[in-house]
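Across the two complexes that follow, chain A remains constant while its partner is chain B and subsequently chain C.
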Partner chain A sequence: MLPAIILITAFGSAGAVYLAGKVHPRLRNGLAVLSSLVLAGLVGYGYGQKSELVTISDFLGVDLVLRLNSLAWFFAIYIVIINAGSVVFSLSYMKGKERLDFYYSMMLLVSAGMLGIVLSGDLLSFYIFWEITSWSTYLLISYRRGPALHAGMKYIIMSLIGSCAMLVGILSLYGTFGTLGIPELRAAISGCSPGYALFILLTMGVAFGVKFAILPLHTWMPDAHSEAVSPFSAVLSGVLVRMGMYGFLLIMYSMVGLKAVLSLGSGVLDFHYLFCWLGALTIVIPTFIALLQNDAKRLLAWHGIGQGGYMILGMALGTSMGVAGGIFHTINHGSYIALLFLVVGAVEYRTGGVRDLNRLGGLIKKMPVAFVGCLVGIMGLIGIPLTNGFVSKWLIYKTLITEGHPFLAFMAFVGTWGTILSVYKLLHNMFLGQLPEKYKEVRKSPLSMQIPILFFCLVIFFFGIFPGIPLRVIQGIQGTMGFAPLRLTLWGLASDAGALNMLNICFALVIAFAVVFLLMRLGPKGRRVAQHDSYAAGSFVPVDKYHYTVEFYNPLYRMISPYLKDRVDQFYYWIAHRASDIFDVTRKIYTGYAGTYVLYIVSFLAFLIFVQLVWRTW
Partner chain B sequence: MVTRIIQIVLSPLIALVVGVLFVGLSRKIIARIHRRYGPPIYQPVIDVVRMMSQRSISHGALFELGVVFALAGSFVTVLFIPIGGTEVLGRAYPLAHGVLCPLSGSGGLLVVIYLMLLAPLGLALGAGASANPNASIGVSRKLLLALAYEVPFLLIILTVMSHYQTISITEIVARQQQTAWGVLSMPLSAVAAFLILPAMLGIRPFDLAGAPQEIASGPLAEYGGRYLALLALQKAVHLFVVIALFVDLFLGGGVNLATFLLKMLAVFLVVETISAVLPRVKIENAVKFCWKWPTGLALLQMVITVLSK
Partner chain C sequence: MSPILLIAVPLGLAFIIPLLALVSRKLSAYVPAVGMLFNLVVSLYLLPSVLSKPIVVRTAGFAPPFSIHLVAGPLGLLLAGLVALVGLLVAIYATGYIKEGSVPRYHALYLLLLVGATGIVLTGDLFNLFVFFEILCISSYALVGYRGDKAGIESAVKYLIQGAIGSSLVLVGIGFLYGAFGTLSMADIAGNIRSVRPMTVFISMAFVVTGFGVEAAIFPLNAWLPDAHSSAPSSISAILSGIAIKAGLYAVARVLFTVYGAETFLPFILVLGLLTLLVGEMSAFSQNNIKRLLAYSSMGQMGLIVFALGLASAAGVEGALFLVVSHGLAKALLFLSVGYMIYRTGSMEISSLHGMAKKMPVSSLCFTIGAFSLVGLPPFIGFPGKFMVVRAALEKADVLYTVLVAIALLGTVVEGAYFFRIVQGLYFKPAPEGAVAGAGGGREAPFSALLPACVLAVAILVVGVCPHILTDYLGPAASDLLDKAAYIKHVLGV
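Moving on, here comes the complex of A and B:
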């Protein structure tokens, strides 16, 4: 019963919020927050439960089924928590903007659609919820109109191509096996030929790859992020994109099965090995493109693509530890990328919509909570020890090394270094350096922004120090997919070829920090000075000009920027332009004027009469 | 348990003392190459004591905590690096499981790679908070240089880890002592590691991040007093970490602390004498150099290692 209750609440609240907005804005805001919290409670209550429910039996010959299991629960709780954080954040961020009823309703509809995806027990319901999610996302991306319409169009076209491919896969499955239930398909597919399994993986994989923004299907993502509003960016990059990960897990390990996936192809053309390389490329190229960005949200969007590569890499390896790392990285990434988008949103809100990293600076003194959020977020993104990002990356690296893939491990490591450079630029250009005069009156972020920011900070450290808690849930999922269990402890891993103990690392860091801090206290206290009271070799410190942000890594830009053009995007645009040329030619024929068509008919008749007169054919 | 706690206290202290003496030694060597007499070898100690008694300016909490973060990060890294075994005069003492590495079983070399990030990150945060463009330029150069040397460094580390099929440094050291040193089994990696040592240490020709004549010592521009004292200590501990890691990965560690420190001294003297006669390079040239020779050698060795497995 529970999955049905969750979905009814989710879809019902999306509609109710819209109607409540017509009554009073306060009621709408309250209802939106309340329903996201209730959803979080409902899903949380479902922990460890297993249920299955036939909603509509014999619809076009298939049963529509909802089901709750460990994989569904894991993704559901992750969806509702990040969505709740964004809705709370929206309260002040969206204040005074237009069409808010529509906005809140769509935010809840997107999350309802995603809950539907993870709770579906058959591929037809899966497809229906998948489309609901895609279309409501399209509406939210283009919420701001203007250039946002273009970004939304780009998203929906790519998404539709993916959906078509998925539909082909689903129809073929139905045609071959006569069922769309996931457990039935799992039993049926295990006997089919490897070629057919590959066909299913590829057709469904295109749909998931577009949503996941895996190279070379990533091009919609940077545009969508720079145009979407910040709280929605947090949902978009944090969870919506990761529906692709859910899809991959579902087809690769729940349907086709571990053994079949690992035995597809041979030698260098091994399916899962090629998939690993795709993941590695998805790490390196987008991460270095992120280095060249000056728009805070575009920079984060490219990182969102790049971090996806780690998840693919971990998942495609097909070992117990690798897949655990990939799944764990998915939720970790959700927590810190959502946090970073919210921080950028808070800065945007207080500075009057400025996201250009060359026009900010010194905000640490004005917005301390946002700074802390940004610092914790980038630490998670880099994977500094004690944050959750470290543990999941450690699992992936360790698998790569012990399984003997040093080149893949190298790509993953280099991606981390590219990340450090670009996120330091993000932090420095927004919060450090000199505070420009025009931001002197900036106030700290409102409480409804601080709460989600601090909440995600806590999650990052909690999962970083006690990774055993989420990993135990992940182990439950892996058990259903046929992976060997890991030897977990509360704070890490006990393993033969190198253990991980976060508690030791945590204690060591805290004690070292305390000792050094006391050591510092031995000397006399520093005298606080204002920002213009800094060293300028004896000359006057020019106001607003004594700041180094523009082209922060100039020497490197000159070296790498010629190699990092997004050629895939250019290629897609080339196809789109050629296609639209063809449509233009078509339009010259089908002009839409009745007169032209009459002319066509008359001239065709004249041609027939001419033929008859000359050759007497009939 | 008791021996472990003693080690946890002792190994950062050893790193601190040895690092500070190495810094003093380097000033002496450079002075002699310049045909000067040079300061006494304990000059850095005098400097730190003097700076601790002086009053500095401060640009806020992050400006101060960045320094603490950097030094604490360096100290913690030391705990994960084995600094020799416990064998004296051919007799093995089972004390401390036979190796001086307090946190050997908590994550291995992968953790070391990430812990080595803490110090530069702390320094970058503190320097960024100092609201001085010289500091920001210094940080930008420092991070670019780090990207430049990390590419060969990661290749080297990965080659070593896949050669020994483990991520534990203590095991890498033990295997070298049983068979051959890393420098013999992976010669190209060792050469590459040696080439990037000056860049990792931030000494000439790669001292561009803190170039005093160009950008007023870069990240250190605003620091003085107790903060500068801690940063001087951080530099010393960092020196210890980098050289110790080289000895552990390629020179078979040490059977005891004394042989370990002797090997460190030998490596340090060679690096220092070469670097003393080289002029500073521009950041572009540093990146190009690191991505050409050390990366090429490290990549070649990795291919050889993978193919020979």
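Moving on, here comes the complex of A and C:
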């Protein structure tokens, strides 16, 4: 019953919030927060439960099934928590904006759709919820107007192409096996030919790849993420995109099966090996493109793509530790990227919509909580010890090394290097350096923004220090997919190739901090000076010239930017333009002269009779 | 209750309208709604009883094949029900929408059009099929030019020219058949089709299919459609798209499947469907005129339906019939909701509809629901239709069909592209500056327009969530079309 209750609550609250907004805005906001929390509670309550429920039997010949299992629960809790954080953040961020009834209702609808995706027990319900999520996301991206309209179109068209491919895959499965239930398919599919398995993986993989923004299907993402309103960017990048991950896990390991996936193809043309390389490319190229961005949200959006590469890399390796790393990295990424989008949103909110990194700076004293959030977020993104990103990346690196993939490992390291460079730019250009004159009056972020920011910071450290807790859940998921269990402890895990113990690392770091702190206290005291009290060789330097964040990394930029054009995007635009030219030519068939039209009719008749007379075709 | 009432009552009412108009013009506007309500009730009442065996109505005491007879099978009644439902809702809409011109004449012609459509789907002999087809066509020519403006008359004449050629081709084709078989009963001809030289049969089929194909909007016979749909009053565009072309398609399908039993011809029909789909969607893509765009989109949807029919399997025909209903409802909804937007802004340019959601929220919402449904998004009625068609194509387990259905799906992506752009315009683009306010400024449409639109929107949502409301009838309806032997047996009683 629980999955049905969760979904009814989720979809019901999306509608109720809209109606409540017609009564009073306060009621609407309250209801939105309340229902997000209730949903989080309901999903949390479902921990460890397993249930299956036929909701509608014989919907177009298929039984629609909802089911709750460890994989569904894991993704569900992740969806509701990030959604709840974003809804709370929206309270002040969205204040005074137009069409808020629509906004809140769509926020809840998107998360309801995603909950539907993960709670589906058959591929038809999966597809239905997938599409509901797609169109509601399109509406919500478009909400911001202006350039967001273009982003929304790009998203929905790519998404439609993906879902058409998925529909073909799903219905081909139905045609072959006569069922769409995931457990039934799992049993049926094991005996099918490798070619067919590849066909299924590819058709459905296109849909998941578009949503996941894996290279070369990523082009919608930078636009959509930067143009959406910030709380929704957090949801978009944190969870919605990761529905693709869920999809990959579902088809690769829950349906086709570990063994079949690993034995697909041979030699260099090994399916999972090629998939790994796709993941590695998805790490490197977008991460360095991120380095070139000056728009804070665009920078994060490109990181969203790049970090996805780690998840794919971990997942496609197909070993216990790799897949665990991939899944763990998914939620870790969700927590810190959501945090970073919220931080950027907070800065945007207080500075009047500025997210251009060349025009910010020095906000550390004005917005301390946002600074802390940003610092923790980028630590997670880089994967510094004590944050959750460290653990999941450790798992992935470890697997790459023990499995003997030095080149892949190198790509992953290069990705981290690019990450460090580009997120330092984010932190520095927003919070460090000189405070521009016009931001003297900036106030700290409101409480409803601080709460989710601090909450996500806590999550990042908690999962970083006690990785055993989430990994235990992940292990449960892996058990259902036929992976060997990992040797977990609360603080990390043991393995033949070296153990991970966060307790030790924690101690080491605490001691190191203590030593540094002591040395600082023992040494001579520094003298605090005013911001402009500096030596400029006798010539007066205007205050704004102190702001040295402009054109950060300029030499590096000039060096690498020619290699990092998004040619895939250009290629898609080229196709779109050519297609639209062809469409215009096609339209000329209808000339507007009745004479031509009569000619069409008569020649059609003549054609039919001619063909039959000559060839006797029909 | 006899199915003949479905034709007789509205026909009688159509002739009463001019007389009633002498007493009260206002009252006469409600007559079509009454007639269609009657039809809706009767066809839904009869539908369950014909699922196993059609009702064959004889006239003048002669048994088929010698008389004019009606065959009210599951397919006929299902479509008659659709005609009545859409006809009823559009009739309600028209009570407020049609104000200028000779209003009683509009309503009389409108009812005649629906009589024609109902007759087409219920008749059992070819000549009657032709007669009802002509009733449908002639009243629609007149209605397209109803406003009497230049564009209206021009496209009505173009439509008339092409339609008249189509009708005469049909007549010639039927003449061939009569010459060869000496009968006009479809069942009788179907039973003896093998007894005549195949070439004679084929020539007649070519004529009939081409002729009906004009009304069914099959490429390349569909050039009248964009002009006629865009110049007609919106209520008539809704009927033309929702009902008239479906009636034409029914005629094509009925003669192909039942009379000629042309299995070998169907792959060609499938390709034609695909072409119709692609040409329609491609032409719609960069349209600036909203009604022309909707007309081209109807063309595309008809292509998908023809494609599904061309699959020639039970699943394919069921999918096609589902799409007939889903497209009928969704396109009627689109035309109705756009009708008052055009009326209020005085322009059919898509850019003039920008920002409409502020002024006409209900109409915009209805438009959005219709558009999403046409693209085939769940939970709207278009989704099960698309699902069934794709499933039917993939059931063939043939690479060729997989490729063809992939091409068809690309067509729906194009459709999605232009509909999503319009929806964005309605909700998220600023209203054009200095917009020429048409009649009524920026008010929402009146109740008489919102009621039918909302009913359609709710129907689209409800059937989309519970498609079995419809699919329960589709099995028998599909076999009504596919199972030729049973049809002959039921009608001739042998």
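We adopt the following convention: the second predicted complex is superposed on the first by the 578 of 618 C-alpha atoms of A that agree within 3 Å, B and C clash if a C-alpha of one lies under 4 Å from a C-alpha of the other, contacts with A are read in each partner's own complex, and residues count from 1 in each chain.
Here is the rule we go by: a contact is a pair of C-beta atoms (placed from the backbone, for glycine too) under 8 Å apart; a residue touches a chain by one contact, two chains touch by 3 or more.
Just so it is clear, the structure is predicted and the values come from calculations on it, not from any experiment.
Judged by the touch definition given at the top, the superposed model places A:Leu421 against chain B, while chain C stays out of reach.
Once chain A of one complex is fitted onto chain A of the other, the partner contacts of A:Leu299 are absent, as it touches neither chain B nor chain C. Within the superposed three-chain model, A:Phe517 lies in touch with chain B and out of touch with chain C [touch as defined at top]. When the shared chain is aligned, chain B comes close enough to touch A:Phe390, but chain C does not.
Of the two partner chains, chain B is the only one touched by A:Gly404; chain C is not.
For chain A, the partner touching the most residues, choosing from chain B and chain C, is B. Using the contact criterion defined above for the overlaid structures, shared-chain residue A:Ala197 touches neither chain B nor chain C, since it reaches no partner. Residue contacts after overlaying the shared chain place A:Leu60 against chain C, while chain B stays out of touching range. On chain A, the patch touched by chain B and the patch touched by chain C do not overlap at any residue.
Residue ranges on chain C touching chain A, taken from their complex, read 157-158, 161-162, 165-166, 169, 199, 202-203, 206-207, 209-210, 213-214, 220-221, 223-224, 226-227, 262, 264-265, 268, 278-279, 282-283, 285-286, 372, 375, 377-379, 383-384, 386-388, 390-391, 394-395, 397, 402, 405-406, 409-410, 412-414, 416-417, 420-421, 424, 427-430, 466-468, 471.
On the chain A side of its complex with chain B, the touching residues are 362, 364-365, 375, 382-385, 390, 394, 397-398, 401-402, 404, 406-407, 409-410, 413-414, 417-418, 420-421, 424, 427-428, 431-435, 492, 497-501, 504-505, 508-509, 512-513, 515-517, 519-520, 522-529, 531, 533-535, 537, 546-549, 552-553, 555-556, 558-559.
Listing the residues of chain A that touch chain C in their complex gives 56, 58-60, 124, 127-128, 131-132, 134-135, 138-139, 142-143, 145, 148-149, 152-153, 156-157, 160-161, 164, 167-168, 171-172, 174-176, 580, 582-584, 586-587, 589-590, 592, 594, 596-598, 600-602, 604-605, 608-609, 612-613, 617-618. Every residue of chain B that touches chain A in the complex is listed here, in rising order: 8, 12, 51-60, 62-64, 67-69, 71-73, 75-76, 79, 103, 105-108, 110-111, 113-115, 117-118, 121, 124-125, 128-134, 136-137, 139-140, 143-144, 146-147, 150-151, 154-155, 158-159, 161-162, 165-168, 216, 221-222, 225-227, 229-230, 282-284, 287-288, 302, 305-306, 309.
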